[in-house]
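Below is one structure, written out as structure tokens; the observations come after it.
Chain IDs A, B and C follow the sequence of writing; residue 1 opens each chain.
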């Protein structure tokens, strides 16, 4: 299989902290890859490096054959990235549906003058409603972010990333703040999208869902990659169990509480 | 004018800028507020100092009373105007502060009149010779004051409990609070110090020009804003260096740049050039 | 005759305030030196027509020159944010006045007098200004509704997140600066040919603050709020002597009071009132 997103040798330093040290992995076309690791491992930093929100000191990032590591964020996004952030960042003045519609209008916002030439938003609003429905928050479409609980905002954030029609969907802890059935449902939706052709990188602490849906795992610890491959094999690796689960090695299914 | 004259003049101006700008940068460092109304407090210091000198006949006594009184005024000012809006978005305090400054200038005009007032017997007007340069005593006093006040402040910040509490709060307010530091108290003291320094600068400018007018705060205050940006907002050392550098640059600039720009615009030309090269200021905080 | 001058002043003030509203209100880029672009427009038009140029050509020329400088200052807005931008734009204002004061060809401290009359009569000139104001109002309303307005709104709220949605923040900001400053240039040209005399004091920091006050009092980003605020604040000093005497005090207090009590300005007050009224109506 071809790598759709290929990351190699990425290092990010914040002051004295090595948030990422020479990390690389490949995301195959059609993959559903789980990026896991304990708190502070560097998972979020990796997605921020991929989207250009932090500048790595070294490394290369190739998306669909194009080197993107020197491009500004908006160009990378337009080449096919969709990011749902760990700390939700909805536009406070826009309702949920407007938030998603803004992303859905990416073709119209590509150029300021073209954006000025068009005012009709019906198509994007319809698309936004469909996506909000898809992630299970259709009832919140006309609410302002301030009126919504975290579990809803998380899903609005996911819908907004989806609205960009990304080749690679980057999800940073989308299940946080959702109850068990909501989480399972959203995970199923991600699997569906993946089946329909979207490549997904999923950061998640909810290990039981990760083990259930992901077909590849990359494990980070302290800015280093310590595991990469088939989920069951990776989780069986003593080094991973040690770093990720701490001294007491538990079975992956029981690890959820330890990781949370 | 020879070069040493220009240099000394520039350093004197720089000391005045430093007295104003250190207060501004202290406020910014602690509260992230661009305290434009600081300029109004500077002017208040000038009026109070001049009127008290004329009343009492003693410049020294008037000076001390003024900086203490204006320091307390600054605390009250913070309590009344800034404390209630601390948690609003940043532009709120900025614009409120501009409004306060404009209103203060107008209030001075209404109370003291639009025309200038002067010292009845201008103090410290004799000249002495220092290192081959003839200087008014007032200018020497400015330099001494800046060194003593700012140096003293640095000592206090390093040595005393409240100084340490202040520094802890600047670097991380939430952390400082969790160590039991009373944030409100630190902020009051901060405003006291900043306002007292501005008042000191105000009196000295009044003395050097022998006049006080309602709008005298404008130009030095805007320059102080440029200085604290150059110094890397919130960075005291950077601010001091930028203040002295600007004083000297202006002093030479009036000779070489006068054709193109008037003196008061030099600061901003310098500022814009620097920001385009280093958007975080000459000396970033970290 | 008196009403005619009131309406003329009102018209170019509305244009000027809406031009700042585009930059600061729509796109969220605070500017404390906007009067410089008003001044650039005024001086450009004044130089051009005193030199024999046609008034009709002076208007687009003023817009182009002001917009050109706006483009350059827009670049500054790409380098610096928030408080840094506030001070940088304030600096731009001081640079403008500092530069003009030293230039003989701009009349230095004395300014430029004897700007020729557009030669269309007072009432048509008022109508012309009013028509421009109406066009700028319509343009503002349209921009707000368009996709450009949506992108501006996103940038004003959170530019980093806007980037993750593929918005080219830099180009939008530059566009806002160019549009806003070009319109300020138009307002300046109309102003210059109304008073027929320009001097640097008309474009100083206080003028930048006055136009900011119109935007703030009207409600940052609100078109109708800003129109109402600009219309009132520009003619009150002409109507009421007290207002003229205490103009700056009133502006200062207004800026502070709006930020302190009602950061949404007239716009949010009207909305609140409207909700009360319609709420009562549905209750009946």
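Here, a residue touches a chain if its C-beta (ideal position, glycine included) is under 8 Å from a C-beta of that chain, and two chains touch if they have at least 3 such contacts.
Everything numeric here is computed off the predicted structure, so don't read it as measured data.
Chemist: Would you identify the shape of the chain contact graph, picking one of line, ring, star, complete or other?
Modeler: line
Chemist: If you count the contact pairs for each chain pair, which pair has the most?
Modeler: Highest contact count among chain pairs: B-C.
Chemist: Hey, which chain is the most central one here, using CA centres?
Modeler: So the chain sitting closest to the middle is C.
Chemist: Using mean C-alpha positions as chain centres, tell me how far chain A is from chain B in Å, no decimals.
Modeler: 49
Chemist: Once you find the CA centre of chain B and the CA centre of chain C, what distance in Å lies between them?
Modeler: Computed value for the inter-centroid distance: 31 Å.
Chemist: Distance between chain A and chain C based on Cα centroids, please, to the nearest Å.
Modeler: Their C-alpha centroids are separated by 42 Å.
Chemist: Mind listing the chain A positions that touch chain C in their complex?
Modeler: Residues of chain A touching chain C: 51, 53, 72-75, 77-78, 83, 85, 89, 91-94, 98, 102-103, 105-106, 108-119, 121, 160, 164.
Chemist: Under the stated contact criterion, what part of chain C meets chain A in this complex?
Modeler: Those residues of chain C that touch chain A are 142-143, 145-148, 150-151, 153-154, 157-158, 160-161, 163-169, 171-172, 175.
Chemist: Which positions of chain B touch chain C when the two form their complex?
Modeler: It comes out as residues 28, 32, 34, 81, 84-85, 88-96, 98-107, 110, 218, 222, 225-226, 229, 233, 258-262, 264-269, 271-272, 275-276, 279, 281.
Chemist: Taking the complex as given, what residues does chain C use to touch chain B?
Modeler: Of all residues in chain C, those touching chain B are 30, 32, 76, 79-80, 82-84, 86-88, 90-92, 94-95, 97-99, 101-102, 205-206, 209, 212-213, 216, 246, 248-249, 251-257, 259-260, 263.
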